[in-house]
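What follows is a pair of complexes built around subunit A, which joins subunit B in one and subunit C in the other.
And then the complex of A and B:
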């Protein structure tokens, strides 16, 4: 399967099991040209190793839940940067993620973003707050011609998925043993 | 950092309903202009005091038959409907059902109530409950003309009015009969002296009067 099905300057909701989401998103993260970011992955150390194995050559930023156990990442001389946040605060997660896109000059701005911790954010915040986060991140990702992948569990309520995908460009459905089904979404709002 | 109140979706729904309740479009605006006006008004009012980008509400105008006209934070849908007519009840109900399948909160804004059929509006509002639409909450507001908030309220008003009217009419008739009982008895005696053709004419006139009265009562309802 080609990796270029998702255009630069676009955003996608990726729905599947955790293993399927992780494999799909890491492959696309590894194709980053400037830099990549993984936000709130469940296994930060494993994520860095998997990024390397997938051939990721661009610098990687991992946004970590500061309160989670086993959240440390051994960089071992690799081009990996970590940022700790309070994952219970959506604005904190949002600002840390935006910080990877709006790089301050010390690091390159990311062109591949994977929001791995979306299911956890939905448990801690309202649908409206999460929608706001995805909307703001998507606007910034489009501006830098990047690609954002928002990973959602298949068990999420269908209406919640319908609400969250409104500001996005694609929905990717992952099924074991099948190619990813990529659907173009009807389009974003006329004007916000 | 997260303001607990900021995450209360019902509170935001009530804010949106109250803002729309106080708002009227420019009388010359139609269709897309009204939805633009709603979006601009909600954006200005909801975000007037927002200090950071994480406090701002995302107010968007949407396109397509399956979408709301305006949404707030993706979850609150505003459907702008024109004049309510009996012929359109079915299509309006279908549209609201579609929106109920896509959003958790629904505000229906009646754009033009001056020429609408009040019965059609009441039928729609009575049947489109939050439960039947599958949403957490639904509200109906209109441009200028206040309407009852809940479906139950909208159904109770006509019944109460008709009952009060019937009671007042019965009271007035009883009083008139009591006061004029003697006169009526004398009148009947006089009529008995009339030839059969004249009595039939009087009887026919009486029935015609009652028929006209019945039609008038139906029209008033």
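And then the complex of A and C:
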């Protein structure tokens, strides 16, 4: 499968080292046509810079989850909006992220979403809470023909990873020096 | 309406210290729900049980406050939906409060129905998402322990998949229309 095939109304779990996940997801985020959103646990300013360097031209919203460090993002001359989540809680992250995806008339609907802090969310919430978050966000992203990328650490428990794959369309495995390996996940209705 | 039909309607508990206001809300909502009223915190806790689906809760009341009643309901661990209906404009003190929604008075008849319907819908979402997670967990478990051939030959596996597909179809539209506040509520419940 080609990487571009991920683009039409799909959702993917991206598994690899932090650096690999970040590079891959930023590249896909920068391809947004309407608007992009990144949900980050840290380094918002560095992410905005990297988004620019990757050629991101669409407006970017950064959702800083409750555990975020360095919450200030320099926005001089760039179309960047930040949403700070008051609490280090999954419901607050979910509300802020969905609020960002939904167009409110003043912003374009988000067609690229990168949830970077999945490993951190799994430390602070139950697997069922995280599953619900991915399921709900994925349905919203599919409705706008967008792309959602959920980045996951290799060290996550296999059982947890198996469950979180269920509502998603693809899994992207990243290995240093190799092309991304993309496989269709069997959990979605109508698939194998 | 038969007694049985009336009994099957969702139960709403209106907690409001202004009796005329409590009666007004109750008269509206009684068209569709079983409605009980309580005029202070003590009466609210006495009237509350696990069968109550929705509580509309005033914040400022003599004796036990609405905020404390909310805490006690949450401590009980039931799935009940609670909306604060108050003249108190929400401030930062709402952080950490376990309500599902918040309405600032005055409340119209339309507001009241919309609020209760919204809260009952959250229950449907909650039940559907819980079932979805359970089915997905079972399928993930089977996929990790069985070969493709074994899975394809299993009636139980096929039935699980069919059930998940059906649930997916039911949930997709509703979930796709969920608002940001809805997602907060269903994530808190998981």
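In the analysis below, the second predicted complex is superposed on the first by the 176 of 192 C-alpha atoms of A that agree within 3 Å, B and C clash if a C-alpha of one lies under 4 Å from a C-alpha of the other, contacts with A are read in each partner's own complex, and residues count from 1 in each chain.
To be clear about the criterion, a contact is a pair of C-beta atoms (placed from the backbone, for glycine too) under 8 Å apart; a residue touches a chain by one contact, two chains touch by 3 or more.
Since this is a predicted model, take the numbers as computed values, not measurements.
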| item | value |
| --- | --- |
| Superposition on subunit A - do subunit B and subunit C clash or fit | clash |
| Contacts of A:140 with subunit B and subunit C, given as first, second, both or neither | second |
| Touching partner for A:167 - first (subunit B), second (subunit C), both, neither | both |
| Which of subunit B and subunit C A:99 touches, first, second, both or neither | second |
| Contacts of A:129 with subunit B and subunit C, given as first, second, both or neither | both |
| Which superposed partner A:178 touches (first subunit B, second subunit C, both, neither) | neither |
| Interface residues of subunit A shared between complexes with subunit B and subunit C | 86, 90-92, 94-95, 125-126, 128-129, 131-132, 135-136, 159, 162-163, 166-167, 186-190 |
| Subunit A - residues contacting subunit C, complex | 86-87, 90-92, 94-96, 98-99, 102, 125-126, 128-129, 131-133, 135-136, 139-140, 142-143, 158-159, 162-163, 165-167, 186-190 |
| Of subunit A, residues touching subunit B in the complex | 86, 88-92, 94-95, 125-129, 131-132, 135-136, 159, 162-164, 166-167, 186-192 |
| Subunit A partner contacts - residues on subunit C that touch it in the complex | 95-96, 129-130, 132-133, 136-137, 139-141, 143-144, 164-165, 168-169, 171-172, 175-176, 178-181, 183-188, 190 |
| Subunit B residues touching subunit A - in the complex, by the definition given at the top | 1-2, 6-9, 12, 36, 39, 52-54, 56-64, 66-67, 71-76, 101-104 |
